[in-house]
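Pasting the structures here.
You will see two complexes here that share chain A, one where it goes with chain B and one where it goes with chain C.
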Partner chain A sequence: MLKGRLSGFVFQLLAFVLALVFVSLILIAAKASPMEAYKNMITGSVGSMRKFAEVLVTFVPLLLVTAGLLITFSAGLWNIGVEGQIVLGAIGTAWVFRQFVDSTLPAGLIITLAILGGMAFGALWASFAGALKTFGGVNEIFGGLGLNFVSTALTLYLIFGPWKREGVASMSGTEPFPDHFSLPQLPDLRISLWALGIALVGVVIVYFILQGTYFGLKLKAVGKNFRAAYLLGIPTWQYSMYSFLICGALAGAAGAIQVAAVYHRLIPSISSGYGYLGLMVAMLINYQAIWAIPVALFFAALNIGSIQLPIVMKLDSSLAGVLQGVLVLFVLLMEGVRQKFVKKA
Partner chain B sequence: MNVELKNIHKHFGKVHANKGINLNIPSGTIQGILGENGAGKSTLMKILSGFIQADSGSEIILDGKSVTIDSPADAIHHGVGMLHQDPLDFPPMKVLDNFILGRFTGGLFPNRKEATQDFNLLAKEFDFSFDPESYVDSLTVGERQQLEIMRLLWLGARVLILDEPTTGISASQKSKLFSTLKKLPEQAMTIIFVSHKLEDVESLCDQVAVLQAGELVGEMKPPFNTSKLVEMMFGKVVTLGERQPVLTNETMLELKNVSLEDVRLKIKNVDLNLCAGEVIGLAGMEGSGQGMFIRACAGLVRPVGGRVKLKGQDLTGKSYHAYKNAGVNFLPAARLEEGLVPGLSLTDHFVLAEQPKGIFIDRVAGQKLAEDRIKSFNIRGTPLSMVESLSGGNQQRAELALLQDPLSLVLLEHPTRGLDIESVIYIWSKLKERCRQGASIIFISSDLEEILQYSDRVLVFFSGKVSPPIDAATTSVEQLGQLIGGKGWPEKGGSHA
Partner chain C sequence: MRKNFTRLAYLALALTFVLAACGTPAPAATEAPMAATEAPAAATEAPAAATEAPAEQFVFGMLLVGPYNDNGWSQAHYEAGLYLEEKLGAKMIYLDKVNPADRPGTTPDQLAEELVAQGAKLVIFNSDDMKDASTTFAKANPDVFVIMASGDQVWPDGKAYEEIPNLMNIMGRMEYGKMMAGCAAALTSETGKIGYLGPLINDETRRLAASAFLGAKHCWETAGNDPAALEFKVTWIGFWFNIPGVTLDPVQVSNDFYTTGYDVVISGIDNPVNLGEAQKLSAEGKTVFGVAYDYVAACDAAPDVCIGVPYFNWGPEYLKAISSAQDGSWASQFIWAGPDWADLNNPDTSTVGFVNGPALSAEDATAVDAFVAELAGGLNLWTGPINLQDGSVYLADGEVGTDQQVWYLPQLLEGMDGLSAAE
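Our next item is the complex of A and B:
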C-alpha cells in the first residue's frame, strides 16, 4: 500500500519534470529562453500582492468547478457540460440582479439571492445533461457539449437582445450592475474574501461528502460499478442525477461569482474556459478532493503568470495552457507506465 | 485439408485448459467435438484458429506441414476459418461490405463488382438468398451464419470450424446449414463441429472426439452410442455425500405460466412452486435459458407473460429493488463485473449492503461489522482490502457475506465455479444454514455433481426448453447429461405442471 503510494508520488514527480522539459524544448524551438519564461511566470503570478490577488480571482471559480467535477467524476460521469453550467450560473445571477435593480431590499440579501439563483440555474442546466443521459441514452459528453453551445448562444442572445445596453448592444456585455450589487472586495485589490470563502467552503463540503457520508460512498459505488451498485440496492440513476445537480450548482456558483465579484455584468465568454480547466485539474489530482486546492491554485498562477509574457518576451500567453495540458498528459502517461511497472514487479 | 493436432497444451495461469490433446482429422471429414462447459473445446478451437497460441511443444500439422498460427488472419492464410457462436460481423454495415472485409487484395478500393459476382455465385451454389446491398442487422442469426460461411470459403478456408452453430437458429435454417455442411467434404474440405448437442453431432458427424477437463477422453465413429458419449462427457458418477433436505410445506416462490424472451431464446409457460427451505439446481449448457430464468426470479428480467409471486405477494413486473425489499437476493457469476465494486474496500461493501440510513458514515460500526463478517465468513482479507485484491474464493465468500438477513430467496449463479473443494464445502454449509432459517435457494451450476449433491429438485434447460422438476435423489448424472444434450425431451408441449 505504502509502496504503491510512494511509487505514485515518484512517477508524478517524474511526470512534472518531463512536462517542464517538454515545454522547455518547445520554447527553445521558438528561440526563447525557458528559464526566463518560467521566471516571468513566477514573478507574474506571485511577484506582488496585486498579482497574487489576480491569481486568487482565477482560483475561486476554478476551485468551485473542480469541486463540482469531483462529484460527477466520483459518479463515473464526464460532465463536459460544466462549461455551460458556469454560463447558466452567470445568467441566473444576472437575471436575479435585474429583478432587484430598483429594489430597496438590503444589498446583502439581494446578492445572496443572486448567487443562489445562479446555483439553481447551473443545477437546472446540469439536470438537462443528466436527463438526456438517464432517459434519452445520450452520453453525457455529447449532451454536455451540445448544451455548452446552446449556453453560449443564449448569452449572446441576451446581451444583444432583451438585456442589451441602452442605445447600442456590444460585445462588452450588458449594462454594469449598480456598485452595491458586488461582493465586497479588499481595498485596491480585485479579490473578494467572500468569494474566496464560498469556494473554500464548497471544496470542503465536497471533501466531506466524498469522504464521510453514505451519500458519497453510494456515489462512488455507482461510479465504479453501476451494475453492482444496482444489485447492492442503490438507486443508481437517481444518484447520477444528484451528482449532476450538485456539480451544476457548484459550477453555477462559479458563474455567479464571475458576475457578482469580477465582471459586474454579463459578458459573452463569462465562463472563460474554467470548466475545461477544471476537468484538467480533476484529472491531474486523480479525483482526490484533498489535492484540489493546491493544484487549482497552481493552475490559476500559471494562467495569471503568463499574462505578461507577450509584453516582456513576445511569447503568446497561451503558454500557460500548453504547460497545463502537457502536464496532465504526462501525469496520465506516467500513471499508465507506473501500472505496467507495478504489474511486472 | 488434413488436420493433425499433436500434444496440444495450454495453460491460463494455473489452469491447465488443454492437456496434451492429440487428434487426427483426415481431409473431407466432419469431425464432432463434444464436451461440457470448461472441457477445453473452445480453447482447442481458438488455438487452431489463431485467437490464442498453444504452449510450446504443441504442434499443428496441416496437410503434413507443421505450421505456427499467430493470429486469425494467419489461420485463414493457412486455410483455417472459424465461425463463432456469436457471429463476428458488423451489423450496421452492408452484407457485401461484410463479405469483402478481411480479404486483402491490395489497392485502396475494394473491387465491389468482382466481389458481387463471387458473392452471387457462392450464394447460388449453396442455395442461400441474400441481397448483397441489404444491411446485416436486418438478417437473422442463421442468415448471418450463412454469410459468414460464404465469407470464410471465399477467403480460401479449407478447414471450417463451427462453434455451437445450431444455437439460436430455426429448425429449417439448421437443416439448411447441415445440408450445406454435408456438401463441403466432397470438395476435400474439413469441418470441425463443436457442440454439446448430441443429436446434432450424431446426425452430422463422421467421427466424434470427446473432451473432458482438458483431456481427450475418447473418440467414436458411427453408429454412435449415446449413453457412452454422455458418460465420456460428464465422467463417472461419484458417490454422493449425505444429503440433508430441509423442506417445508410453505410456498416461497410461485411461478405461474411465466414466459421469458430475449434476442436468442424464448422460454414458454413455466410453472414452478418452490417451498421454503428448498434448493433447486438449474442445469444446462451455458446460454440455454437458465441465466434468463434466474434473473426473472430476481426481477432483473421482466417476464413477457405470467405471474411471479413471493410468499403470496405478487411481484410481477416489479423492479429488482422491490424484489430485494421482499427478501430476494441475487449473486451473479461475474463477481467483479456485477457482484462487487472494484475500488471499494470490504468495509465499504458491508456498509452499503446494510442499506444505511443517516448522513455520516459510522466508521467504528463499519469497521466492527467488517471484522465480524470477515471472521464468520472466513474471508482472507482485512476490512480495508479492496475487493479486487481478493482471490476468487474470497470474493465469493465476500459476496455471500453481503446477503441480507433475513432472507426469503437466494439466487446464485455458479456459486462455486473455480473454487477449491474446501471453499465449496464452506460456501454450501453457509447456504444450507440459510435454508434451515427458512430461505429457499435457486442456483445455476455446470457441475452436475454439485447439482445432484445440493439440490432437492433439478430443472434442466435446453435451448429455452425447461424440464419438469426432477427429484435429485432419484436421477443420475447420466439422465441429466442426456437432457442437457437435448435427448429424452418430450416432442411437443414443453411446459410442465
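Our next item is the complex of A and C:
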C-alpha cells in the first residue's frame, strides 16, 4: 500500500516534470527562453503582495468550482454544465442586486441575499442537468454542455436587452452596481477576505461531506457502482440530484463572487472559464478534496503569472493554459503507465 | 516490484539527461539577450547624461482592447506608441487583447497595475470598454497619469463629468473622417445602397455612423443623384470586433450587405474585415468595395477593393500629453482634436486623416478631394435641418450642432436604416 502510494507520488512528479519539459520545448521552438518564462510567471504571481492578492482573486472561484465538482465526480457524474452554473450564479446575484438598487437596507444584508440568490440560481440550473439525466435519459455531459450555451445566450439577452445600459447596446456588460454592493476588500488589494472565507468554508464542507459522513459514503457508492448501490437500498437518482444541487450551489457562489467582488456587474464572460479549469483541477487531484487547495492555488498562480509573458517577453499568455492542459494529460497518462507497472508486479 | 523500481530508476535517469540537455542551453540563451539589452540601455544613458535630461527613461504603458496588429483601432494606438518612443526616447510597455473574452478573469484596472509594476508612469486605456476601469484605476493610483481615449469622464460640459486630476480624455474628431468615408462610398456606389458595419451602439458609434451618412448624402446629392435613391443601412454586431458566439459575425454581416445589393460597406468596427469579404466576392466577379477604418495603412489588406480609410493619428496629442506629464504642466482635460486642415495627413499635426484608397477611381478621388477642401473651408454638415430617425427635429434649419449635440447624438438620423438603441 505504502509502495503503491509512493509510486503514485513518483509518477505524478514525473508527470509534472514531463509537462514542464514539453512546454519548455514549445518555448524553445518559439525562440523564447523557458527559464525566463518560468521566472516571469513566478515573480508575476508571488512577486509582491498585490500580485498574490490577484492570484487569490482567481483562486476563490476556482476553489469553489473544484469543491463542487468533487461532489459530482464522487457521484460518478461529469458535470460539464458547471460553467453555466457559474453564469447563472452571477445572473442570480445581479438580479438580487437590481431589486435592491434603491433600497435602504444594510449593504451587508443585500450582499448576503445576493450571494444566496446566486447559489440558488446555480443549484437550480444544475438541477436541470440532473433532471435531464434522471428523467430524460440525457447524459449529463451533453445536457450540461447544452445548458452552458443556453446560459451564455441568457447572459447576452439580459445585457443587450432588459438590463442594458441607458442608450447603449454593447456586449461590454451592464451598468456597474453601486460601490456599497461590493464585498469589502483589503486596503489597496483587490482580494476580499469574505470571498476567501466563503471559498475555504466551501471546500472544508465538501471535504467533511466526502470523508466523514454517511451521505458522502453513499454518494461514493453511487459513483462507484450505480446498480450495486441501488440494490443495496441507496436511493440512487436522489443522490445524483443532491450532488448536482450541491455542486450547482457552490458554482453559483463562484459566480456570485465574480459579480460582488470582481466585476461588480454582469459581463458576457463572467464565468471566466473557471468551470472548465475546475474540471482540470479536479481531474488532476484525482478527486481528492485534500489537494484541492494547493492545486487550485497553483492553477490560479499560473493564470495570473502568465500575464507577465506578453508584457515582458511578447509571448502569448495562453501558455498558462497549455501548461495546465499538458499537466493534466501527463498526469492521466502517467497514472495509466503506473497501473500497468503495478499490475505486472 | 523490485524490477519495477529498477525500471523506474532508469527512466528517471533518462529523464535527468533529457532535462540536462534541454536545461543547460536555456540559461545561456537568456543571458545572451539580457546582456544584449543592457548594452543599448547604457548607450541611451550616455546622451541623456550629455543633454542634462533626467537619466531615467520615461516609461508609459498602453492597454489595447484588440491585437496590436489588428490593422485597425489598436494598431493605430500601437503605432502612436512607437512614434512616442521615437520622439521622446520614452519606452512603451503594452498589453493587447485586453477584453474579458481574451483575458478571462482579469479587469483592465488590474492589468494597468501590472504595467505600473513594470515601471509605467502613465497608462493609456485605449477603449470605451475600459472607461469604468480607467476611472477606478485613476482614482486608486493618483500618482499615475492616465489617458482614456474616446471617453468623456473629465469633460466639464459632458454628461458624466467627474473631477479626476490625473486623468485626461483624448479623442479625434472622426466625424470629419467618417464624412469623407461616406462621400467616397456614395460616389463609388452604383446601386445607391451603402452598408455600415457598426460595432456596439453608444453615443460615439451613433454619431460616427450618422456622420458617414451626412457625408454620403452630401456627395450623393452634389453629384446630381436623386436624394430619395440613397439607402444607408447600419447593422450593429454588438462589440468592437468579432467575439465568436457573443457578437454577430462581421464577415457574415458584410456578406449579407454585399449579396443584397449594398455594393459599398463602410467599416465602423475595430478592423476592416469587410475588405476581406469584398475581395473574395470581387474575385467571384461582383463589383463591390469597402471603406476601412482607424489605421492609416488599413487599405493594404485589400487594395483592390479599398476606396479609402479615415484614420486616427494618436501620436501628436499623446506626445503633448506625455510631455506635459514630464514637465509638470499636466492638466486634466478633455481633448477632442480635429484634422489639421492645412495638411490633412501630416503625421505630426493632424489627429484625424483620410487616405483615398487604390480602388477609388481618379474621377471620384477628385470629387472627394474637393469635398475635403470644402470641409477645410468651413463646411459643416452638422447644420440643420437635421431630423432624428423618429422624425423629430434635432437641428432646426440653419442651426449648427454644438459639441454636446454631436457627441451625445441620441438616435440615428432620418433617412438611415438600423437600430438607434437596443430594442
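Descriptive notes on the structure:
Heads up, the rule we're going with is that the second predicted complex is superposed on the first by the 345 of 345 C-alpha atoms of A that agree within 3 Å, B and C clash if a C-alpha of one lies under 4 Å from a C-alpha of the other, contacts with A are read in each partner's own complex, and residues count from 1 in each chain.
In the analysis below, a residue touches a chain if its C-beta (ideal position, glycine included) is under 8 Å from a C-beta of that chain, and two chains touch if they have at least 3 such contacts.
Because the structure is a prediction, the values reported are computed rather than measured.
Because the two structures share chain A, they can be overlaid on it, and in that overlay chain B and chain C fit beside each other without clashing. Applying the stated contact rule after C-alpha superposition, one finds that A:Leu186 touches neither chain B nor chain C.
Figure note: vertex chain A, arms to chain B and chain C, all at CA centres after fitting on chain A; angle 130 degrees, rounded to a multiple of 10.
Between chain B and chain C, it is C that contacts the larger number of residues in chain A. Of the two partner chains placed by the overlay, only chain C lies in contact with A:Gly161; chain B stays clear of it. Residue contacts after overlaying the shared chain place A:Val201 against neither chain B nor chain C. Once chain A of one complex is fitted onto chain A of the other, the partner contacts of A:Ile290 are absent, as it touches neither chain B nor chain C. Contact with neither chain B nor chain C is seen for A:Ile42 once the two complexes are overlaid on the shared chain. By the touch criterion defined above, A:Leu109 reaches neither chain B nor chain C. By the touch criterion defined above, A:Val101 lies against neither chain B nor chain C after alignment on the C-alpha atoms of chain A.
In the superposition on chain A, A:Gly233 makes contact with chain B only, not with chain C. With chain A fitted onto itself, chain B and chain C come no nearer than 18 Å, counting C-alpha atoms only.
Listed in rising order, the residues of chain B touching chain A in the complex are 320-321, 324, 330, 332, 337-344, 348-349, 351-353, 355-361, 402. Against chain A, the residues of chain C that register as touching in their complex are 1, 3-4, 7-8, 11-12, 15, 18-19, 22-23, 26-27, 29-30, 33, 93-96, 100-101, 103-107, 110-111, 113-115, 117-118, 128-129, 132, 140, 200-203, 236, 238-239, 243, 245-247, 410, 419, 421-423. Residues 3, 7, 10, 14, 17-18, 21, 24-25, 28, 33-36, 44, 48, 50-51, 54, 57-58, 152, 156, 160-161, 164, 167-173, 176, 188, 190, 262-263, 267-269, 272-274, 303, 307-308, 310-312, 317, 341-342, 344-345 of chain A are the ones touching chain C in the complex. Touching chain B in their complex are the following residues of chain A: 212-215, 217-218, 220-221, 224-225, 227-235.
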